[in-house]
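Each of the next two complexes has chain A plus one more chain, namely chain B in the first and chain C in the second.
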Partner chain A sequence: MAEMVKLFVNGQEVEVEAGKNLIDALQVVGIEIPHFCYHPALGADGNCRMCLVGIEDGRPPLVPACKTPAQPGMKVLLEDEKIKKIQRDIMELELINHPVDCPVCDQAGECTLQDYYMSYSQQDSRMNVEQVHKDKRLDFGCGVVHDQERCVLCARCVRFTRQITKTGELGIVNRSDQARVTIFPGRPLANRYALNIVDICPVGAMTSKDFRFRQRVWFLQKDPGICHGCSTGCNIYIDHHREKYGDDVIYRFRARTNLQVNGYFICDAGRLSYKTENENRQDRTLVDGVEVPLERGIEAALDKLNRARKPLMLVSPDSTLEQLWAIKRIATLYGAVLSGYSDAYVLAGDGDDYLISDDKAANRAGLQLLDIDSGKESFAAALADADLLVNFNNDLFFSPGNEDLQEALEATDQVSVCSHDRPAFSRATVILPCASYSEYGGSIVNRNNVLQRFARAVCRDADPCDIIEITRLLGGAISDNARAWPGLRQSVPALSRIWPERIPVEGVTLNSSEETHVGA
Partner chain B sequence: MSDRSQLLATGKSFAFDAETDAEFERLAARYPIRESMIMPALWLAQQQQGWISAETIEYVAERVGTYPAKVFELATFYTMYHLRPVGTYHICVCRTLSCYLRDKQEIVDFLADEAGIRPGQVSDDGRFSLEEVECLGHCGSAPVVQINGEFYEDMNVEKLRALLTTLA
Partner chain C sequence: MGAKVRVVERKGRTFLEQLYLLEVFKGMAVTLGHFFRNLLDNSRLYVRHYPEVRPEISPRWRGRHRLTRHEDGTVKCVACFMCQTNCPSNCIIIEAGERFDGRSEKMPLRFDIDLLECIYCGYCVEACPMDAIRMDTGIFSVTSDNRESMVLGLEEMLRTPGAFDEDSYQKGVR
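This part shows the complex of A and B:
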């Protein structure tokens, strides 16, 4: 536990973590200190002055809270006419040249400037001269579009490119009321994390080309989720919405803070992978190319399974621990060989030393925990031998490299349980649609052995079944996530003391002492 | 302050000549961090070329080992860096409070009539360029004019007219 200190805010005693700056320390106990430039990932810059507070102990009457560590006995003054006047004055300054075009601004509804106007300003403009005009719709590259007039010059974006990506594409040029954010001519943003700038910009000055004008944010339902773009398992918000007479559609992913996994940011590829959840989905049940109700598809699959002498089941390294367990159980039931062969998900050399992993599978560590064989040779041998392949959403052609298996695949009768319409699944004689990760919940283990749990976010009209439900329809005994856990605990030593409902939001590192906190 | 962010590109790459290069390295040795050299390097480049082009900024960034966007920030912040070619005589007229109150506008208007140049322009013959700048720090003897770095204080139109005739 961090060391705690007692201090006073407006005369009232509060207990906060020692060493943290006042903004962060007081936020934990529900006291807001308004700020634009401070961001926990970027540190205190001290440029906006919105965070000025009074300290009644002989030091200068006003200090920036972002640069002031919480200390025992400190007397912090927030509810004071003098402080409120400063906040009003800073707000007036910020708004002098601001276009106040909230009705057409993507940020409206989640804009710090708007919120602070309501909380700390609420004054009429006294400006009677023409505003300074700057450039709008600047394409900064990487899908980031900038509006210089909306910018409050907090420099978060600039610091992000210097401190986090170390690519330094952005700068604030000129000075005084002509100051503006820009790129050096001909050198646009060029890094794989650039869209985080849109998240950290406190106003609508940095917008995402992908999201611009597509949805008002107050309509979006913002559910927590975990990115399945690679084995890092970054925490995200899945922002989705069902328009009147429309389907439930995902509009964007945003970074969700998890200091144990991804910090404050996510990569651009992961952020844009929401599109894969919306598009090219396998929603129809097909038997020999003909659309049938799901029950008929299940019947056909059961028929094949019952007849098969040597069935082979293939699982996906994206599937949750619970799904893998359910499949493992029916593999035993049907005497099937079980494989997790998924080399195609590994793009060697694509990862970096920050968040992006080579391995594009979300739960390979889980696959390994369940001791499911993933070798190519054993899979190829089993495939040559098998008379039926049941593929549970494993995209063998996720990347090139499995062309040599093509012939054997063509020679084998196949049942595909799949969330997307992809070449790896389309050859099957029976195709059973299943849910994708935004439509089910479960537990996955990332590349650093962090076990994380996520819940269902999206409910599309097609509402395909979770793979677990498919295994149940195929005769399995596991009907939901909870029922997978007694078996998981019993057969996987690393999970023996895990109760999923007790996994903290930031996840738990397996095989470490923390494990015991989650245990019974 | 006007918008100085529209850089001019010459289409030709820039590099320090041997003499400037030696001076750059001599100065660089003074600082614990190389980034401290951004401003001196810009100044040296300006002494060599007369002004600072987009290519100059890229060159300085490379020499100093930093991002061009960072050098761009400094070059546009300080008006002493010329981001356009200037005349043989670059005239700066202070426009901040003291000089403003002591009729700097008469000087600016005189130069517009006499040399035919407005702030931000270079005369047709290339001899003069004019710029309005912020406080030059000699407010006690306002209005202040600076020509190629030399200060001329307590100025007025007559003094300036006489001064201009002495310039080659």
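This part shows the complex of A and C:
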């Protein structure tokens, strides 16, 4: 537990964490101090002056909250008429040359300037000279589009490229009303985290080319989720919406703060991976290439499983612990060899020392926890021996490298349980559609052994079943996530004291100190 | 309390009225009297000869929608979705895209109003920051024999002119 200090805000005593600045400390107890330039990941810059608060009997009596640590006995004034006037004046200053493009601005609805105008300003412009015009719709590269007129010069974007990516593509040139954010000529943004700038820009000056104009943000339903783009398991918001007469479609992923996993940011590839959730989905049940109802597909699969002498089951390293457990159980039921061979998911050298990892599978640690063999030799041997391969959404051709298995795969009868229409699944005689990660919930373990839980977000019209449901239809005993846990607790020592509903939102680190994190 | 109570004497208790037959004929006499009088001379009828004679529509009448243009012919709508957001029957569907005519950055690529669901409340017109959508076409009869054609598209709405001159429209909406 962090050390707490008592201080006064508008005469009322509050207890806050010591060591934090006033903005962060008071935010925890529900008191907002308006600010533009401060961002917890980038530190205080002190350039916007929106966060000025009064300190009663203080020397000086007026301080920027972003640079002032919470101290015991401090008497913070927020409601004071002087402070309100300062806030009004700063807002007036910010809006002197602001185009107020809100009708065509993607930020409208989640714009700090709009919100602060309503809460702290609400005054008409007194300017009667022509506004300063700057450049709009500047392509800064990496899918970031900049509007210089809307910029409030908080320098968050500049600090992001200097402190976080250390690439320093952005800078502010000129002074006063001519100041503008820009890139060096011919040197656009070039880093794998650039789209975070769109998230951290408090106004609509940085927009995403990909999301631009596609939807107004107030229509979007914003559900928490976990990115399945690599084994880091970054926390995201899944922003989706069902347009009238349309299907539930994901419009964007955004970073969700989790200091234990990804901090405040996510990588661009993960951010754009929402597209694979919308596109190229396998929604039809196929038996010998003919579309049939799911029940018929299940019958066909059951028939094959019952007749197979040596079935082989292949699981995906993206599947949740619960799904892996359910598959493991039916593998035992049918006497099948179980493999988690998935070298194709590892792109050696693609990772970096920040968030991106080489391994593009979301739950490989889970695969290892459940003691599922992932070796290539054993898989190749089992494949040569098997007369039926049941593939649970493992894309063997995610990346090149498995061409030598092609022949053995062609010689084996296959049942594919898959969420996407991909070459690895299309050869199967029975294809059963299943849900993808935005459409089911479960628990996964990331590369640092952090166990995280996520819930279902999207509900498409096709509504394919979860893999667990498919294992149940194939004769398994596990019918939902909750029923997988007694078995998981019993057979996996690291999970023996885990109750999924007690996993905190930021996840729990396994092995090292499981006792301290979750009390049984 | 305080409601005024007035006792009305019940009519129709006399013997002749109780017979009914006589009253029926008295009623028929009135009806037939009107019928023949109008048959011989219909100039005093209080009936509009629709559709030969069209009703006069006032400028503030909320008819079928249209999308307006700037003087140079460019589309006024900037696809801000305010109308869609404000529409109580959720019958406006817009898709937006980039715009390069120098007017704005954004414009509608698709703008559908499902007239079967529209309740002609005019909230879309009131929400529009650009005066881009109006219901001043004077079209009050929206009929069709199939559902699809009741969805009004972007082209159709841009094509339809307003039925009033600017001054009387502005006076009407103020």
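What we mean here is this: the second predicted complex is superposed on the first by the 515 of 520 C-alpha atoms of A that agree within 3 Å, B and C clash if a C-alpha of one lies under 4 Å from a C-alpha of the other, contacts with A are read in each partner's own complex, and residues count from 1 in each chain.
To be clear about the criterion, contacts are C-beta pairs under 8 Å (C-beta built on N, C-alpha and C of every residue); 3 or more make two chains touch, one makes a residue touch a chain.
Given the structure is predicted, the values throughout are model-derived calculations rather than measurements.
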{"item": "Simultaneous placement of chain C and chain B on chain A, clash or fit", "value": "fit"}
{"item": "From chain A, separation angle of chain B and chain C (C-alpha centres, steps of 10 degrees)", "value": "90"}
{"item": "Partner chain in contact with A:Ile298 - chain B first, chain C second, else both or neither", "value": "neither"}
{"item": "Which of chain B and chain C A:Phe213 touches, first, second, both or neither", "value": "second"}
{"item": "Which of chain B and chain C A:Ile90 touches, first, second, both or neither", "value": "neither"}
{"item": "First, second, both or neither for A:Val104, with chain B first and chain C second", "value": "second"}
{"item": "When both partners are placed on the shared chain, which of chain B and chain C touches more of chain A", "value": "B"}
{"item": "Touched partner set for A:Lys136, first chain B, second chain C, both or neither", "value": "second"}
{"item": "Partner chain in contact with A:Lys244 - chain B first, chain C second, else both or neither", "value": "second"}
{"item": "Partner chain in contact with A:Phe184 - chain B first, chain C second, else both or neither", "value": "first"}
{"item": "Distance of closest approach, chain C and chain B, by C-alpha atoms in Å", "value": "22"}
{"item": "Footprint overlap on chain A, comparing chain B with chain C", "value": "none"}
{"item": "Complex contact set, residues of chain A against chain B", "value": "134, 158, 161-162, 167-178, 180, 182-185, 187"}
{"item": "Chain A-facing residues of chain B, complex", "value": "1-5, 7, 9, 54, 57-58, 66-70, 72-73, 76-77"}
{"item": "Chain C contact footprint on chain A (complex, rising order)", "value": "101-104, 136-137, 212-214, 216, 218-219, 243-245"}
{"item": "Contact footprint of chain A on chain C as seen in their complex", "value": "78-82, 85, 90-91, 93, 96-98, 104-106, 129-130"}
